[in-house]
């Protein structure tokens, strides 16, 4: 019973003050669920399902579905760039994508593309090495900026 | 003779106004040339030469040699992270490094690591694909930010 | 009763481990509420209320009120830049502000200026178009960096 | 005659040491000129010429033409996002694009899109106001970060 | 009793939808606790404890301990750069570190280094002044970018 | 004579192709020289001269003088933030400003504030230490992002 009272107090303060992305109305647009999708959005959602061989659609697509032309263009671009034919292995493309997302600090993209990279074979050691390279590149980029290093003639 | 006069005028205005990183004195520190290096700097320079199997030392190292502890630490870190044993292929590490540098817009690092990646086997097509992934990741990072996409439960 | 016990356990783990910005003491400074404000802070708060025609003061102002000169300078700058006379429509200024905040990934600024833009007339379609432009600019900025595109003579 | 000798010395040192993006060989790929373009690249170049009603093709397109799929996808995306139908005025879209490029510090994109914005009607005053907003947004984004401002409940 | 039911509903929705970093399994690696650490990780953890004169180890170290070489290299670098001998006061180094973290928007680093700076003597006023400088630098960096200001000859 | 011809050819190609910010007309606005300044711009320029005790006015101010309200606001803000009374030493403020500019890669700001820091007493060793801290902070910011480190309870 004490548990329950304490809990109720905590819950209310949590709902009042914390960063919870729940039950948004305005100004944030709601996620578009597959079941409520129609027209162009439904077509893209069906292609996502077919391409990825799963009925689940990630929140990213449900969110940008609020602007159908952006959904369509973004999906087609991603599908071609990350999954189309090419010389770079799909796992390598994921590592590059993840490296950029980590560098930019995009929480959503880090979470989703880390999962995608794991799916395509990224081991924990590979992730650690990836982070090392991303860290060092970010450090050395600033050393080059700060010391105002002139580009070597042979690199031009 | 007209050529010559016109040329002289152009040259002088170029030297006066353009962005030329030449003959710097203060406040920018001069590049430390191998021939003038001593002590810790000379040791690191020798290790760079031995590791890279070339007498040439890039401007990056010559610039940060102005602060020897930074030179030493940075070189040892880079040597280990980019060239040490690991699960990621050295070319893949270069691609990741280049991706970060492009994303951050570090001109020096783009020029030098693009050359390094070419040395390790990056083809023009691979470079094009790398740029596509970097571009798309930068675009989608912002779509995720702007639409304030909540992280899917399965990615946590 | 089972509900209650399960709930109590969840609540405790939430409070222990989650990102909740509640009941902060040190090191984060508390929000300065209008009721407790005095002097310079009170003056600025009164001007915010009068200018915005509402008694509500956003957390941004309550937080930076911990350093009154920053509060004063920031408010005066924002008031002039976003609301002063000019050739750019106030809605256009909000769109630009939002574009920068999305590009930088500032969660607070995205949330508050998205709301501000909606208040000034941004429709869902406009938001989608804004996000498209922000996304493409971020992508193309990196393509220009990576391909090291020389600036066309006519743009200088 | 003295002029001429001095000039010759200056010129040689300029060509040797300065940042000049001319006569690149490897590792930077050459710009693809319209005259030498074929196949997919030629098709895109023709569409750029027709859409923009000018024979001139900017260096950006000539550079990314080294990877034809990137050229095609990037052009189609840009054409649709910046020039397609929509609720945002084409000038407003340019202002947003420019704001992002300035915020990211992409020199090429700033130069080319500033010119584009001028073409679509941006006055010097509008540019000044745009810069003010971009500057203030970048400042306030960091104040929000640093003071760790919790998002107001009403913005969720 | 009503309290309890309402609370249970809230709790469940919180666990389902909110950003809670709890009970992660894959794809995010668990924090490595001191008690479970062995070998290289244990050695570094012991050095952290000895250096900082506390048994507590921050989550940052527990997280990167998933890749022991990164843990070791990062700790040694940080220890030397932030705590080693030098001309810059340790508090000044913390202010610089914090300035960069705020500029990049790294939530974890802002929280932990703000605490570290407070420990080393940063007052609330100093923090406010630091934020002012960080804000103004971010603003003016963009004004310099946007107005494409040529570097003064005397600064080269 | 051969010298002269070769030189003329070089000069012309340099002027045609290189990145030279000289003799700009449209679309880049010209620098506003003191001699041609009037009204508000002249007032601010006079205050800059008086405050800095030199007749020289940096290009930054000459460039943003194209939008007088931005000139005035930016100067007053900078003067107060960098030079006003406070707990942080003016040199420390310059170091923080420089750290942010290096992190953002703003070439102009790095050059001008490096000179300003030297003026206020920054030694070469201090600069090297500053760069180390900036580098490490940029590295560790990304490690924290990538490993998705949860904020320790004690930092909230």
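Just so it is clear, A, B, C, D, E and F label the chains in written order, and each chain counts residues from 1 on its own.
Simple rule for what comes next: a contact is a pair of C-beta atoms (placed from the backbone, for glycine too) under 8 Å apart; a residue touches a chain by one contact, two chains touch by 3 or more.
Note that the structure is predicted; figures quoted are calculated from it, not measured.
Enquirer: Given the two chain pairs D-E and A-B, which is bridged by the higher number of C-beta pairs in contact?
Expert: A-B
Enquirer: For A-C, which listed pair, A-F, A-D or A-E, repeats its interface with over half of the contact pairs the same?
Expert: From the options A-F, A-D or A-E, the copy of A-C is A-E.
Enquirer: Would you kindly tell me how far, in whole Å, the mean C-alpha position of chain F lies from that of chain D?
Expert: For chain D versus chain F, the centre distance works out to 22 Å.
Enquirer: Between chain E and chain F, what is the separation of their C-alpha centroids in Å?
Expert: 27
Enquirer: Using mean CA coordinates as chain centres, what's the chain C-chain F distance in Å?
Expert: 26
Enquirer: What positions in chain D touch 2 or more of the other chains?
Expert: 4, 7, 11, 14, 17-22, 27-29, 64, 66, 69-70, 73-74, 77, 81, 103-107, 111, 114-115, 125, 127, 129-132, 134-136, 138-141, 143, 145, 147-148, 150-151, 155-156
Enquirer: Of all residues in chain E, which touch chain B in the complex?
Expert: Contact set of chain E toward chain B: 16-17, 19-21, 24, 27-28, 69, 73, 77, 80-81, 84, 150-151, 153, 155-156.
Enquirer: Can you list the chain E residues touching chain F in their complex?
Expert: 21, 28-29, 31, 56, 58-60, 63-64, 66, 70, 74, 77-78, 81-82, 86-88, 92-93, 95-97, 99-101, 103-104, 106-109, 111-115, 123, 125-126, 129-130, 132-134, 136-141, 143-145, 147-152, 154-156
Enquirer: Using the touch definition from the top, list the residues of chain D that touch chain B in their complex.
Expert: On the chain D side, the touching residues are 3-4, 6-7, 10-11, 13-14, 17-19, 26-29, 64, 66-67, 69-70, 73-74, 104-106.
Enquirer: Note which residues of chain E are touching chain C in the complex, please.
Expert: 4-5, 7-8, 11-12, 14-15, 18-23, 105, 111, 114-115, 118, 124-125, 127-129, 131-132, 135
Enquirer: How about chain E: which of its residues touch chain D in the complex?
Expert: It is residues 98, 102-103, 105, 107, 110-111, 114, 127, 130-131, 134-136, 138-143, 145-148 of chain E that touch chain D.
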